[in-house]
Amino acid sequence: MSSTALFLLSALLISAGIAGFFVRKDLLTMLLSGEVALSGANLALLVFATRSSPTEAQAAVIAILTVAAAEVAVALAAIAVAIRDKGKATEDIASEMKG
Amino acid sequence: MLDLAFWLLFLLIAAGLGIFLFASEEDKSVVSLVAVFSALGGVFALMGYTFLGGIYVLLYAGAVVVAFLMVAWLVSGRSREGRSIKWAFFLIFISLGTELSLIFLGSRSVFRRVSTSVSALGELFLGKYLYVFELTSLLILTAVVSSLVLMRRRS
Amino acid sequence: MTSVMIFLPVAGAILLLFVPREKTDFVKYFALGVSSAVFFFSMWFFLNFNPYYPFPQFVERARWIGFGLNYHVGMDGISLVLVVLTALLSPLALASSFRYIKEREKEFYIMILLLETGMLGVFVAQNLFLFYIFWEAMLIPMYFLIGMWGGERRLYATVKFVLYTMVGSLLMLVGIFYLWKHSPHHSLYFYQLYSLSIPWGSQILLFLAFALAFAIKVPLFPFHTWLPDAHTEAPTAGSVLLAGVLLKMGGYGFLRLAMPLFPQAFKFFLPYLLALAVISIIYGAAMAFVQEDAKRLVAYSSVSHLGVVMLGIFLLSLRSYMGGIYQMLNHGLSTGALFLLIGMLYERTHTRDMKKLGGLARPLPVLAAFLMITVFSSIGLPGLNGFVGEFLVFLGSFEVNKTAAALAALGVILSAVYLLRMYQRVMQGRVKNEVFLKLPDMNLREVLIMVPLVILFLWMGLSPNFFLKKFEKSARLMMEITQQKYKTLYLFENGGER
Amino acid sequence: MSFLLALIVLAPALGALVLILLGRFLGKRAVFWFSPATVGISFLASLIAFTTFKNHPSVFYLFPWISVGKFHVDFSLLWDPLSSIMALTVSGVSFLIHIYSVGYMGEDPGFRRYFAYLNLFTFSMLLLVLAPNLPMMFVGWEGVGLCSYLLIGFWFDRDTAADAGKKAFIVNRVGDFGFLLGIFLLFTLLGNLDFQYINSRAASLPTTAATAAALLLFLGATGKSAQIPLYIWLPDAMEGPTPVSALIHAATMVTAGVYMVSRLFPLFARSGLALEVVAWVGIITAALAATIALVQNDIKKVLAYSTISQIGYMFTGVGVGAVSAGMFHLFTHAFFKSLLFLAAGSVIHAVGTQDMREMGGLRRKMPITFWVFTIGALAISGIPGFAGFFSKDQILAQAYLHSKTLWTVGVITAGLTAFYMFRLIFMTFYGEPRGWKHAHESPPVMAIPMEILALLSVISGWFFSSFHQWLKPLGYIHLEELAHERELILMGVSVGLALAAIVLAWWIYLKRKRGLRTGFLYTLLTNKYYVDEIYEALFVVPYREGARAVSRYFDAGVIDRAVLGSGKLTLEGGRLLSFLQTGLLKDYALWMAAGIVIALFVALRGLL
Amino acid sequence: MIGVLPLAILVSFSLSALLLDLWAGRRWAKFASYAGMAAALAAEFFMWGRRGTYMGGLLVQDSMGIVAGVLILIFALLTLLITDGYDLKLNIREGEIYILLALSTAGALVMVTTRHLLVAFLGMEILSVANYALAGMRKDELSREASVKYAILGVMASVFFVMGMAFYYAAGGSFFLDPRVAANPSPLALGAGLLLLSSLMFKVSLFPFHFWTPDVYQGSPTPVTAFFSVVTKTAGFLMLLRISDFVIHPGVKWFILGSSVLSMLYGNLVALKQENIKRLMAYSSISHAGYMAMGLLLGKAGAWALLFYLAAYGFMNLGAFAVISSFLEKNSLKDFQGLSRKYPYLSAFLAFFMVSLAGFPPTAGFLAKFLLFAEVGDAGFWPLVVVAVLTTLVSVYYYLRVVLVSYMKEGPGIGYYYSTGILAMFTSTFLVLELGIFPSTLLVFLKYFVG
């Protein structure tokens, strides 16, 4: 339970999350991996906060969670509409505009 | 005993992530995420943020992932493309991972378990962080309105 | 008073906005009225100008944006004569387009009036910021003039014109930033900047930036390729003002800004500048000789004539300097007249290709006579204005640098070659197309446009002192500043007050 | 007195102005009367001035022209012996030719334009002659150049005339280029361009500078007076009406060069080399022109080459130091050469063609013209008793003293002159008529001026000594003494040669009735030593083709392409960069991730 | 508590707009939204006298914040003017567009008036969430694509911000921005600064985080694009100014400098070949972001020049979008051919805004560039200024290309609808000219208070 382990876990989560955008052309996976990265960041925040003021950090994490939830909701809505229209969830349903 | 639990959860998270990223079926990858988030909730609890751990499990493992499952079923089976650009994943994962761990370890902040009380949290939210609390409510309202607008069919 | 003169055309343009488009005649004569009013203003200034006071006169200052970016206008001798030139050419250009422009007249005359303000502003600005504003603001009307009423390749020509000029002026802008920040309490007043001592390294770069902007405008040799396109595609009024006034800004910029602000750098680059000027003279004349389109020919002739002007200004002997300025006026008038006549010719024959023209002196004797006078004025025949300018430039430059003067004097022969060849191919010989035989000669309006110019040719040729005296003192002052006779110009701090 | 001088100059100017502006409203009669009258006034005024005004030189100020710093030039007129003589001859000859032109140009529709230009020419020539300083002279100098351009190209719808006019002006312009450089050099050396000042300070100038200035001025003189390098324009100038050739290309304009050299003689004297050059260029031009004249079939071309040759003589005269001899030859030449041209004009006017092969046997049809022409021919050939003899032999005598070869070439040329003059007479007036149908004698308005000129070309020769005395006050006028009998021998040789040439011409053209037709020499001469073609090849063609090539390949090819190239490059850059915008979310996210990696890298590196 | 007045007013009006939309219909929602913003604007001026911190430091009304607030509210009002007729024409019956605009403005207000990272994050997210929906208002395929792209990349940006917050908290022990944290050169603090920077660079579309801009600007309805290009950018740059204390580190300086240069080059060069005017405006906004990013290099000292540039840029852009939106969704340059013949006044407005965007005097665009570039140059970044000036030259080509198309080419001309957008055009023209010719009042105010 040492800080290094926690940091490793948080680094793992964040980098896996951000890197997750490129593993699959699927929009949902991108969104989810965004959430994974976010929770990694939360973990990091909590670890740093253990010495100074844990309650403030907890409050912050809760706020961040609500933000994440809100964002996921809207993003999911946008994607759902796109999927409903195009029938599939891959990235090319959103690649008309280029150049 | 504590460390043992932590490492177990650590492994669970790592495995979950692996499945999430590289599973071929849609639903298997989403389910694996449930495991990841619950394990993370556990870690928080171990660290002393018991309340947070609980919320985490509840919110993420429950609501968020379930929502994704619904959408995934909506579309399941039709969209499974093969793996796409792999090199980008590894490149970003490794470089970001090393950088982050270097910075984290460089901070040399030592971890010790904390004991948090929900009442202190409450006082904080309704005291110093009242503004934050209000803003989160505004945010949720906006989110609701936005998603409704987005989902509405062309009238 | 100066500000009233400058902003009168803009006011006119704004008033024109509210005039309905159909009343073209009212629009035309209103615009002509405004432009003529500006001319009478400039006449008033010309007569009330005290030739023995070298600093700017009729000065008007006002706090504007603050931090040194103030409104400060005034005219010294050099600006005065150039303002009068602008004020004279604008109404003539306007009048010449009454029948030439047949569609969207309202926008046309608004653009001309805006252009006039831009041109006047450049010559009267005493603050570098104001100078730059007028310098750039002038591009837009010209852009529309060439773009909307030009010839076939007008889009290509107008974009090329704006971008080419912008390259230079934007680099100059960086120079202005530097000066603005390094000038004592951020003042951009010319005479304040003249006393600013700039370290050698940045002075070289600054001079290059300023010199490039003005060399493109003059245009000096390698930077001239925009001129023929802009001229051939511009409508008559556009070409007249472009050649008559816009090209002078390059020369004016050199003598007012580039040289006095960075004297050491100027001395360092003098040989190269001289080479460019001399090449421009000979190169311009050679290119003019082989052109098939009359307007392109006159465009290249402008390159050659302005090479003479720049030679005069660069060599900083009193005669060549004043000859250069005088030649600027002459070039403005004679090339302006040339373009007016070619425009009138184009109105009748609808072609500028000299292979199709010929023997027009028979059906158009009056036009032929005016063209001959203008051709000889721009060749530099003694008794007409061109000679006095060129004679003084070559005389002055001979005192300083014999080889450059001798090479430049070759231009005297070459200009005769291509101009007489043009005159012969257009006016003399047999008429190639019978239709041309029945062409109507110049009507009263056109004659009234050309008469003042011809009078000025003779007046400036026979009694040049009347004009030279006006800007002699100012020219001397600018030369002394450029040659750094005054170590510190504190005595000029607000010396400009009248 | 200054009013009188102003009148001399301004009368023809006013005439020209009135004709140009109000010409349309004046009837034919009014113009015919008005234009010669103005020149007549100026002739009278110069006559009065000549007689009343004792010859101590003085400058009369009219009004200021240019003054910048220490450089001052004013409109003022100089009246001294040299300029008075020139004014007199110019206005006199011009007056006679104006009268003659009334007859010659009567029917031409553009007569108003013609007389206006003629007046303008007289004004410019008088201005040139009476100018007190070099810039003022230059004004007159270019003025006459302009009028010769206008008058040569008078019938501008004929391409050949227009080309000839343009060629004349440009070649003159080349000369003026030299003249200008001379003026500038003198200004840098002396600071003041008045003749009197230059002549007084000439001695103090360094020789190299004086030579340079003199030679540059001489280049201008060769341009105007059609000497060796720049004479090619005069033969083509015959495209203009004949009175114009008489006035401009015989009597007045072409002599301007000689006048200028004699005006600035001290400067030329200061640089001995310049005088040598003047002399030798003069004599070589004389010889060359004479040879070409031998084979010309156009009556005016013969006279044109003869003019070039005679002016060569004048330059030789001045070049060897005998300014008065040179000027005297100029004085007499003005009369008999203009006479010859006018006579040729009346022949052309009558017969309608300029080609001597279509003439012949006109003696009976046009007796006056014939006699008058013969007098002129005798004068020019240097037959004793006629003007040419006195002036030419004076030059030959002085030349002999200067250098023997100079004299021998001069004498031979004199012989050639006699030969081609009488060849012309025999081909036009003697023998049986060839080609022309009917010919009539010229009307009195043309005949009288010719008769006056004929009279002048005889009596003018007798006044050499008074002419010499008249010029003495200039200071640099002196003639070497020549032993009397030596002089007689020289005279005998030249007259003998002339008579022999006349007999030879008679024998060839009247006895055997056909001149030489073939042979290398003949083709060489008829093609004028191919000088025109050489100039074309050396200067005109390379300039035109070079300019065209530069315009296509360098101006458009290099500079413009570079300008456009940079534009296209930017546009192309834009197009390429737009490919980064793939539209795929993954790529956008990749860029953002890359951005973060770099950011963290920067954080780690700290002080980059 | 008074500090929260403008925000409170705006939020309450938006909520009432929400309710009114349900019961009274779209027009009432619109009026409520107008009223809300106007009242908030008044409150902002009222706030000027009461500068200070409120809500326990979470909300701070300093001069920079109030100026930004005023700008944001004016921009929002002008956007409403443009949206007014637009939505009916595209038969967007619902009134939500006004509510979301109001909420987004509220988010922006929160962002600009705080020095607390968490509150800033919340503000940013309220803004973004509302924007994701606004992007999708047009209900057609492109609009959907725009909202998807904006949302997903927005998620990534917010991840960066949270990481930045975590690092900042680790380095400084609290979420309050204070210069001491920015000063210490430890990787953690630097990391925090750079992560926050990156997230905000996404918001103001600076290279390499700008890739969403062209597609979202093209996809979303024109008034919304105007809103994005102006309000979001102002809020973003204000936050960037607040964290610009990090600029003292050379690493950060090079990072911003690199991004600014690349944005200028990329924005201007790609805009050359654009055929769609909204994409062209998107690239133009990227390039202008690059110019403004140069201002950041001076840290807080350059804030006044940056704010002036924001104001000038805002009004020019809004004016241009007002004209573009009056042609509904016909955005290809070919449609604009021959515009001046059919609508002389409209094309005159468009030409005026294009000319001022290109930076020709005597417009605000020129003066803004003049002041900003001079400040940056004076701080020693002369090569950067030369690059900026040369890219401005490139920008002249495509701005004048729009003018060229509408004035110098012949074409059928497209349909146009009359709306309150005209009012927006007049106000923007007036303000652009006023800022260009008589800006001394605003300038002195900015220099004194903000500088």
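For clarity, chains are labelled A, B, C, D and E in written order, and residue numbers in each chain start from 1.
In the analysis below, a residue touches a chain if its C-beta (ideal position, glycine included) is under 8 Å from a C-beta of that chain, and two chains touch if they have at least 3 such contacts.
As the structure is a prediction and not an experimental result, all values here were calculated from the model.
The minimum number of touch steps linking chain A to chain C comes to 2. Think of the whole protein's Cα atoms as having one middle point; the chain whose own Cα middle lies nearest to it is C. Just to note, of A-B and B-E, the chains joined by more C-beta pairs in contact are A-B. Chain centres here are C-alpha means, and the one lying farthest from chain E is D. Of all chains, D has its CA centroid at the greatest distance from the CA centroid of chain A. Centre-to-centre spacing of chain C and chain E amounts to 43 Å, using the average Cα coordinate of each chain. Annotation: 71 Å between the Cα-based centres of chain B and chain C.
Spacing of chain C relative to chain D, judged by their CA centroids, is 37 angstrom. We define each chain's centre as the mean of its Cα atoms; on that basis chain A and chain D are separated by 97 Å. Listed for chain B are residues 84-85, 88, 92, 96, 100, 102-103, 107, 109, 129, 132, 136, 139, 142-143, 146-148, 150, each touching two or more other chains. Of all residues in chain A, those that touch two or more other chains are 14, 18-19, 21-22, 25, 27, 30-31, 35, 44, 48, 56, 63, 67-68, 70-72, 74, 78-79, 81, 94-99. Of all residues in chain E, those touching 2 or more other chains are 118, 122, 125, 129, 132-133, 136, 147-149, 152, 156, 167, 170, 186-188, 191, 214-215, 273, 397, listed in ascending order. Of all possible chain pairs, those that touch are A-B, A-D, A-E, B-D, B-E, C-D, C-E, D-E. By the touch criterion stated above, chain E contacts chain A in their complex at residues 118, 121-122, 125, 128-129, 132-133, 136, 141-142, 144-149, 151-152, 154-156, 158-159, 162-163, 165-167, 169-170, 173-175, 214-215, 218-219, 273, 279. Touching chain D in their complex are the following residues of chain E: 148-149, 152-153, 156-157, 160, 185-188, 190-191, 193-195, 197-198, 201-202, 208-209, 211-212, 214-215, 249-252, 254-255, 266, 269-273, 394, 397.
Those residues of chain A that touch chain E in the complex are listed here as 14, 17-18, 21, 27, 30-31, 34-35, 37-38, 41-42, 44-45, 48-49, 52, 56-57, 60, 63-64, 67-68, 70-72, 74-75, 78-79, 81-82, 85, 93-99.
Residues 84-85, 88, 92, 95-96, 99-100, 102-103 of chain B touch chain D in their complex. Contact residues on chain E toward chain C in their complex (touch as defined above): 340, 344, 355, 360-362, 366-367, 370, 373-374, 377-378, 382, 385-386, 389-390, 392-393, 396-397, 400-401, 403-404, 407-409, 439-440, 443-444, 447.
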